[in-house]
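Below you'll find a set of structures to go through.
Next come two complexes built around chain A: one with chain B, the other with chain C.
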Partner chain A sequence: MVMNAITPIRTPAEQALIGAFGALRDSGPASAALEGLRIDGFSRFEASGLPHRRVEDWKYTDLRALMREARPLAGAPDASVLLAAKVAVGRLPRVGGSRIVLVDGFHAPDLADGGALPEGVTVSDLAAAMAQRPEISALVTGQPATRANIAFALNNAFLTEGLLIEVAPGTELGHALDLVSITSDGAPRLVTSRIVVVVGAGASAGIVETHLGPAGVEYQKNVVMQVVVRDGATLEHGRRQIEGDQALHLATLEASVGAEAHFDSLTLTTGAAVSRSQLFVRFAGEHSNVTLRGVSMLKGRQHADTALVMEHAVPHCQSRETFKHILDGEAHGVFQGKIIVQPVAQKTDGRMMSQTIMLAEGPSMDNKPELEIFADDVACAHGCTCGELDADLMFYLKARGIPHKEAEALLVEAFAREAIEDFGGGPLAVVEELREAMLTSVTEWMRART
Partner chain B sequence: MSLLEIKNLTAKLADEDKQILNGLNLTVEKGQVAAIMGPNGSGKSTLSYVLAGREDYEVTDGEALLDGENILELSPDERAAKGLFLAFQYPIEIPGVGQMTFLKAAVNAQRRKNGLDDMPTPEFMKLVNGRAKELGISPDMLRRSVNVGFSGGEKKRNEILQMALLQPKLAILDETDSGLDIDALKIVADGVNAMRSPDRGFVVITHYQRLLDYIKPDVVHVLSAGRIIKTGGPDLALELEAKGYADIVGKAA
Partner chain C sequence: MPAVQETVEQVRAIDIDQYKYGFSTDIEMELAPKGLSEDIVRYISARKNEPAWMLEWRLDAYRRWLTMREPDWARVDYPQIDFQDMYYYAAPKSNAAPKSLDEIDPAILETYKKLGIPLREQEILAGVAPENRIAVDAVFDSVSVVTTFKEELKKSGVIFSSISEALHEHPELVKKYIGSVVPTTDNYYATLNAAVFSDGSFVYIPPGVRCPMELSTYFRINEQKTGQFERTLIIADKGSYVSYLEGCTAPMRDENQLHAAVVELIAHDDAEIKYSTVQNWYPGDSQGKGGIYNFVTKRGDCRGARSKISWTQVETGSAITWKYPSCILRGDDSQGEFYSIAVSNGAQQVDSGTKMIHLGKNTRSRIISKGISAGRSQNTYRGLVSAHRRATNAKNFTNCDSLLIGNACGAHTVPYIESKTASAVFEHEATTSKVSEDQMFYCMQRGLTQEEAIALIVNGFVKDVLQQLPMEFMVEAQKLIAISLEGSVG
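And then the complex of A and B:
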């Protein structure tokens, strides 16, 4: 008897995703490269279904249980959707220079703002680039660890256009690109977006992503950003996840960092009912450094998972991972961080830290640090703390007349600031603006708690 | 009415059974500097913490009236707003909270509770810079996080700066002399003496007579085993310095 003859039982969400894939395939032709990518992604999903708690990587974020149904695929926005999006996006202060807007995962060039793209930056259609340029197609396919991930596979399966952002070698951007990805109001849908960023050799660039959408709508969003930082290049990457309160947000950041390059990424998470931020970062060249950082502020019954894999595949690289959770209500935070040091990656220097502050009795936090070290001359460390605000600090502040809530806010801001304040360090003016924007969000979040 | 009237105050650590304050009675008048001296473990710091409202302590009996109002049911910030100030024996470091942010939050919290608007920033800066200069606190120290990287003496001066900004009715100085060299002691004492006024009272907790050479007390109380066992004039401090506590504690027991 053949074991694989067993027909798996599908959940309604899985059935809906299978149906959606069929409909997308029937809707029109795609290039061979795109078609190949979609089929690869779909087959991986079809073979395993939605990941659940018995899948180690998803132990704390049981997607099969959390995603009871799959929303219909979002279509390209029509004129009225674009108009509404324009108004909503207009209310969001620009953090960088040129603004690039995606509506429901589709590039909306008419909503661009902040002047023309700087010299040396090109933005083009990813699907078209894949059809014409094999190297782009190969890049989009992803590294093995990313490809094995089901959120990434689903993004592949439902990819329609995508965006390719290229920074020419040697370009030095004065301001970051302000990328806004908004989900429109109305019936909940599944949004898929894909962005590929290639920072050419010796270039220095910054990108700030902001993800937002309507409150009270159970939309689902699956975003993937793939980044290549070429030799000698610098990329400062900021990310604000301020999705609507009922949203499901799955994000994957894949980065490959060349020699003598620098990549710094900071994610602020305050939105969505359920979110997962996955980072797959790999050193591809020596003498480079990467800093991955995040601040998640969760309340009510929010759930947010950060799952990162930092792979040292070459010698002489330094990585720092600093993640902070601030939990209130009955929120659930998850941090899973894995540093892999390959046998050749001698002189690796890696340091990972996860710290959590509980503002109430109700929240829970799961931490899973992992070090997989196959080289013998490395320095790797991880640490993890979890607790209430320090009672002695609170007493000192209150003894000076500062009310309880305000004292909490001062200490939480200080806690978050540690992850934020040395962000960047590159030449970009935006780094300062982004830091300020992040700290302002922290302050506002604390002020909104009553 | 007395500025502070403590009646039969009995307190213990919240998670232990041992009483530390055992029916303590103490009165401090407006304009008075009251020194509290006593051997180690007599309850001096406990008294300061209980008055300031630290949660680790549980008051099991008695009351403490500030201007006639029992403050023991109030939260620490409410007590501070009523004009109570504790200069900590060990001022705490608060990494990430800027000194100016902290001072401004404290000053404005007090103003709000008194129905005033926040102090405009230029006025606040001028006020802080002026007071800081008097206390030998450098602009660099004002730019740092609260007490981070401060020497022992700098931390104590920083306490006095906060007191000067908040202008309390009653200031409790908990072993403000510990860890100070003679120059720092003079600066701190000058800061305190400059604030002496007919409306304000001080409780100066110390082990040693030395501080009282610089901050002249009106009255000296001896605390032992959680209650005041003897009260006298400034000479009592000199007597204790000469003879030690054993004699007086022995007589009381």
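And then the complex of A and C:
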């Protein structure tokens, strides 16, 4: 986007973000490692402001309009906040092995649960690791496409702490890591968190993120996860976004997948008033495969956007993207997906599908499934459908005595199941647990409809 | 398929660097002073002896254009156009209102003869069944030189003339409809066109009339350093039907020439318009030197209930193509169709597609787009399908496939699918592939050469679209596809 030479008029939210950055800077220096990131992120934000509908990538999620105010930055939680968080997190059924908890974006080791970390897994401070290991620094800086993204830039600008999770080469985890990120009750704030996951060569791991927070509070959350799946490794990644109903949730997942590696990611979205899930995934080694999937169930006036860029930068890789939207009320769903095949990426096999079911007259859905192909020996496809539940199928079920609402629920579950069903494939017990948890959420969501 | 042999011969005989229509005609021309200003707009309007309201309309567009920015969102890359370095009006000097073909400069007639466009009605009549006749409006640079079969069409009540003529003979129709589908404010090139358009075709089909023959316009750019800005306006009144063909060529030159046209179609209740284009502007040489910039705004308005507009296009020419023939499905139960083959080779850049805007109830649309990229070309499909909240039971089916030949080209798909109503059913599918080795092996094992095999496979790939073309164009289109693919065996 070419920017005008004219100084743009700052919205109140932009002014608040600029102010917050100044205050953060004045409050004392960040570690040297984070300082560079912060300045880079802030200058990118300052140059372009919040993205709006004239910025192509944000065409359907006009952040300038949707983010009217910027909340003050969340500080490290005190004892009472931690206690309240402990109670809330305790109510959440575990879907994996060891639980790692973040409160308001800060690591809360005291809230860890489910026993000690399994052998081969280490959790450490990101800034410290960046200072000592240039490869971690480089990784945190991000790929060019991610760096150009404003949500990512804002995450950099307000980064005070990060977490590095490493799985040693060859490790095989029996259970996934259960990562819970909770926002505390009280005055609404802006939460920023950063997690880097490195799965060593030949290792096999799973990680499940759950994002939640209080209802009725207009808190804002900007989370970034950067993943490296090294050669021959496998990572199953699950994500549940069940934020409070007034929340604004921006999530970025960046992944780099090595040779003969496997990455499978499933996102379930039911929470937040406004949310955007961004995925930037790149093949870095040959003969690998990636599956990206998502189910978004939205009601009322919820807005949820999935924006993904799948980049085939090397030959012989396979990617599958399957996204489902179930829309009720006056909800607004957005899917923007792009498969890029670089000139060298011959023998690429990529398939992207976005499907939507509307359960009421009010919702709207915007789809933009893009292909950008520079190599000739490839097979790429995308598909997109949008409509209401099939009247014939409904009739069939009702003719067999199934009440209208149940018939609807059955069809919706079957629709969502397509994306969830074959998730994983790794040896992890948690994959099954997560799959079940996701399907239960679908059922409960349908049941809660009035 | 019997046609394939024909295309294969074309492949053998013609090289991309030998664009068949690349000759130029040496003829005395009257040119407006170079550059663009209010005076030029007044000059064009005065040359055409236009009514005052038309001049005002043009000037209004021109003033607006000055405030607009050139769009940069398309996937095309070209040096800044110097709008002051071209002529906005070029007319053959001898063309002072010819009464019959005999008064037209023989050099022009010769040009059209060479292009294979019949302008003499008696020549067309010989040996052709009446229903297969085609009426032609021949546009040479900035002016329409002749329109054939006008008298015969008049008998059915059909008005077919150049738009300049229509402005004098049917000002009320022109005033009512011009700019009603593509307003002067629409986009940079449409606004420019509104200010400086010099000629084009006008068609009006009265209620209940099925146009007795195919209508066509043949656009020819001849003069150097000129831009061609034509405007076509087709109105199909209630219950009428018309099929309209458009063809275009230009000489081979090292310079880039601008072609910025506007086409407006209006279909009233139960009317149907079928609009076919074979676009074969000079594409530049294989190194990307020269060629036409084809920046065109085409839009149809299905204004009436049960109306139908169908676009078919075969795009093989132009250095750069930027065009999105669209349908506004305003009337209930109206239908829009878009069939396209875009073949790019050499250094061509194509960014083309369609928009189907569903506003009325039970509206239906279908998009079939086939893109073939070869050489170092970039071929993008960009399309929008949208359903308004009131467009209940709207249906769309989109299929856009790309075929890549060689490893230096690119094929891209950028669809926008926006639905605001639950009962709208949208289906979209797109695939990209290369001519498969298996298919090639199968064909060659049966004795076909590599070129023959490619031609066969590609013709199979684009068959869906070719079938939509009127007979005369189908043959032409098949030949064109073969020409553009020459040298693409990787």
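FYI, the second predicted complex is superposed on the first by the 444 of 450 C-alpha atoms of A that agree within 3 Å, B and C clash if a C-alpha of one lies under 4 Å from a C-alpha of the other, contacts with A are read in each partner's own complex, and residues count from 1 in each chain.
Heads up, the rule we're going with is that a contact is a pair of C-beta atoms (placed from the backbone, for glycine too) under 8 Å apart; a residue touches a chain by one contact, two chains touch by 3 or more.
Values in this document were obtained by computation on a predicted structure and should not be read as measured data.
K.L.:
For A:Ala414, decide between first (touching chain B), second (touching chain C), both and neither.
P.N.:
first
K.L.:
Between chain B and chain C, point out the one touching more chain A residues.
P.N.:
Of chain B and chain C, C contacts more residues of chain A.
K.L.:
Touching A:Met365, do we find chain B (first), chain C (second), both, or neither?
P.N.:
Touch partner of A:Met365: chain C, not chain B.
K.L.:
Touch test for A:Ala399: chain B only (first), chain C only (second), both, or neither?
P.N.:
After superposition on chain A, A:Ala399 lies in contact with chain B alone.
K.L.:
Per the contact definition in the header, classify A:Glu172: touching chain B only (first), chain C only (second), both, or neither.
P.N.:
Neither partner.
K.L.:
Give one of first, second, both or neither to describe whether A:Asp185 is in contact with chain B, with chain C, with both, or with none.
P.N.:
Neither partner.
K.L.:
Flag every residue of chain B that touches chain A in the complex, lowest number first.
P.N.:
The contact residues of chain B facing chain A are 52-56, 75-77, 79-81, 85-86, 88, 91-92, 94-97, 101-102, 105-106, 109-110, 113, 145, 162, 166.
K.L.:
Name, in rising order, each residue of chain A that touches chain C in their complex.
P.N.:
Residues in contact with chain C: 2, 56, 343, 346, 356, 358-388.
K.L.:
Given the complex with chain B, which residues does chain A contribute to the contact?
P.N.:
391-393, 395-404, 406-407, 410-411, 413-415, 417-418
K.L.:
Taking the touch rule as given, give the residues of chain C at its contact with chain A in the complex, in rising order.
P.N.:
Where chain C meets chain A, its residues are 72-73, 402, 404-434, 490.
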